[in-house]
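In structure tokens below, several structures.
Paired with subunit B in one complex and with subunit C in the other, subunit A is shared by the two complexes that follow.
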Partner chain A sequence: MKKLTRVMCVEDDPDIRLLIEMSLAIVGQLDVLCCASGSQALASVTAFAPELVLLDVMMPGLSGPETLCALRQLPAMQGVPVVFMTAKAMPAEVEQLLLHGATGLIVKPFDPMTLARDLQPFWEHGRGSS
Partner chain B sequence: MVQADSAGDAAASDGLAARFAALQRHFVEGLPARWSALALAPRGSDAQRAELHRLAGAAGSFGYTALGQAASAAEHCNDVELGAALSTLKALLWLAIKAETAQ
Partner chain C sequence: MVSDSAASLATLRALVLAAGYMANTAASASAALAHVQAQEPDLVLLDLRSPELDSCELTRRLRLLHEDHLLQVIVVGATHDDEQVIHALRSGADDYLARPLSATLLAAKLHHSAGRQRLQSRLARLAQRQLDIIDNIADAVITLDVNGHVEDMNAMAHALFDTRPTSHHALPWSGGDCLSLLGLPLAELLSRRECQLRRADGSWLSVDISCQEWRELSGMFYTLVLRDLTEKRANEQRQNEFLATVSHELRTPLTSVLGSLGLLAGGAAGRLPAAAMQLAAVAQRNGKRLSRLIDDLLDITKIRSDQFVQHQREQAVGPLLQEALLASQAYAGSLGVQLEAEGVEAHGGTELRLDADRFLQVMANLLSNAIKHSPAGEVVKLRLAVTSAVLRVSVIDRGPGIEPAFRSQLFNQFSKNEAGDLGGQPSSGLGLYISRLLVERMGGQIDADPVAEPPSHGASFTVTLPLAFQPTMNRSAA
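This part shows the complex of A and B:
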């Protein structure tokens, strides 16, 4: 089975960003690009060509859902799975986030030792539906 | 060979634990600044709740479960309960700092 290898992470909190980077790059052995904002992600996404995007929901500037909408305008990003990451996980909010076109949701706090493994099913599901 | 692999695995695991501990220390060193941002934001404002939201997500992921839960409780409580929730959060936050500096 093919494995996920390339992930872009968009997270405004620098501590969480470092933790995600360590978790995905060192524990998960993935090729990772971390961005501090939605606009930074939009500027880098075409060159990096991620197989999956991990996207924080609440960010200053472009929010997660706004970033997702902008990413989906890019031809190369139309079939790429996007997984939201949030500390808010009320069922109505989850449904709302999925309606924005996200493939899934990872709830914070997350386990840095299993994050890379937790993303794999979203990638398989996202590829299957694209 | 098995022994060598085991030694390699152990070294990798130690390296990972050391990196995680360094990130954890860095997170705790930043807690006073996070508290300042919370304390300076108008009580119950969107800015204060956004800071609480960030702390809730970060603290739990770094292993500070009680601190994360206290931040989440403060984020979601009403304005009447907010003072008490912030006091609890402040106490847990300083406990985390004290525990880290004692190591």
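This part shows the complex of A and C:
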């Protein structure tokens, strides 16, 4: 079975950004591009061509859902699964995010040793539906 | 005193003054009316012998002058003639005095009348005080009769619901029924605790309704107290936003801490020496405990808030219990504890209205507690019993039991029994408290008992839930 290889992560908190990068690159052996903001992600997403985007919900500037909307405008990004990361995870919020077109949700605190594995089903699900 | 005869007036006046009262005289109907209007006397002595005065008509008009003030009228007649007395009383007089006037009888009547007057003003003061109290209540208070007609309402009810531009709260409201005033028929108002009512300005108001029904000679009445929930709703909204923020702010640094520890312990930054691994494990375990504590605190706040929503539906309890057992299987296995079901097959088909997720949360908590406190090789039993009215689920362990001194606080916040906390999953001390909140929200109760069966140690936690009310046969037939 084909495995997920290229992930873009958008996270404003530098510590968590580093953790995600190490978790995905070192533990998960993935190609990772980490962006500090939604606009930075939009600027580099086409060149990087990720297979999945991991997106923080609460960010200054463009929020997670706003970034998702903007990403979906790009032709190359229409079928790419987008997984949100949130520390709030109120049921109403989860529902709202899925309505916005998110593929799935990872709850913070996450397990860095399994993060890459946890993303795999979302990627498969995303590929299956596109 | 009213008479068109100056001599009569003088005689009467002398007698009244002699009895110790103040007196004023009027020689005509118009003078009498003007005087009563201005002075509000307590008593009018009306001379029947005055040909210029229509005593009946004058009595009626005098009475109209002061609605709230009790004015007593005693007519003074020519003789003690029954016909005349009856006529005077029928015309609205309170009493009759015959000539020749007896000074002592007049004094006695005046004395009696003064007593009535005192009683009357005391009643009036009490009535006014009650009106003032009701009007000063910050909730709308509305009294309806059995047909929903508005009997009266307080100042707040007028302010909120009365559409008339200038309404005076002292007057009874005669605008109609609760449907026109509040937009809801009586039956609807009586059956609800919270609802939306239409305000005078057309906007809608969320209110909490409490209803008191009472009886008077003329029938049954309902007094509704309507409490404006706007402020409360706004508070809840603020609280929710605060919670979401707190949750985010607490979990973000914790994510970094636990993430770093996870990577360190997982060897992502190189293999750690054994002692460092041990330290990382301690830090990780306590970080997870902190994380669970935050989850539990947020959960408690959610459950305790009035907006807590349960997704209840009618369902069989058996499959839920099987699921709970299955979910705890791995934890039990890791501690060498066996799980056993009793009565689940026999009574598992029993249906009741439940929020499945929340019920599973309670069961998971009770099972993990029981497993944690059981020595390896022991059995944790889940027992289902059903009576005609309730369903009982017990989780029974063979652990050290509950210290009697600790039993009363078992379901309180942070009531962790340190002595009984033997390793295993770190607990926040909030699990049983959350379970209690949830079970109570489901309309049931939770109890802890020492195990009575030999060997007599262990603890038994029992959730008792009322069985769904079976309506009528018609419904199942339909």
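Everything that follows uses one rule, which is that the second predicted complex is superposed on the first by the 130 of 130 C-alpha atoms of A that agree within 3 Å, B and C clash if a C-alpha of one lies under 4 Å from a C-alpha of the other, contacts with A are read in each partner's own complex, and residues count from 1 in each chain.
In this section, a contact is a pair of C-beta atoms (placed from the backbone, for glycine too) under 8 Å apart; a residue touches a chain by one contact, two chains touch by 3 or more.
Not measured: the values here are computed from a predicted model.
**Q** Go through the superposed model and pick first if A:Asp13 touches only subunit B, second if only subunit C, both, or neither.
**A** Both partners, subunit B and subunit C.
**Q** After lining up the shared chain so the two structures overlap, which partner does A:Phe110 touch, if you call subunit B first and subunit C second: first, second, both or neither?
**A** Both partners, subunit B and subunit C.
**Q** Now for A:Met22: first (subunit B), second (subunit C), both, or neither, which partner does it touch?
**A** After superposition on chain A, A:Met22 lies in contact with both partners, subunit B and subunit C.
**Q** On the A-aligned overlay, A:Ala87 touches which partner chain: subunit B = first, subunit C = second, or both, or neither?
**A** both
**Q** Find the residues of subunit A that appear in the contact set with subunit B and again in the contact set with subunit C.
**A** Of subunit A, residues 13, 15-16, 19, 22, 26-27, 58, 87-88, 108-112 contact subunit B in one complex and subunit C in the other.
**Q** So in the complex, which bits of subunit A are touching subunit C?
**A** Contacts found on subunit A: 13, 15-16, 19-20, 22-23, 26-27, 58, 87-90, 93, 108-113.
**Q** Which of the residues in subunit B come into contact with subunit A in the complex?
**A** 16, 19-20, 23, 26-27, 30, 50, 53-54, 56-62, 65, 68, 72
**Q** Tell me, which parts of subunit C touch subunit A in their complex?
**A** For this pair, the touching residues of subunit C are 244, 247-248, 250-252, 254-260, 262-263, 266, 268-269, 287, 291.
**Q** Which subunit A residues qualify as touching subunit B in the complex?
**A** Those in contact with subunit B are residues 12-13, 15-16, 18-19, 22, 26-27, 58, 60, 85-88, 108-112.
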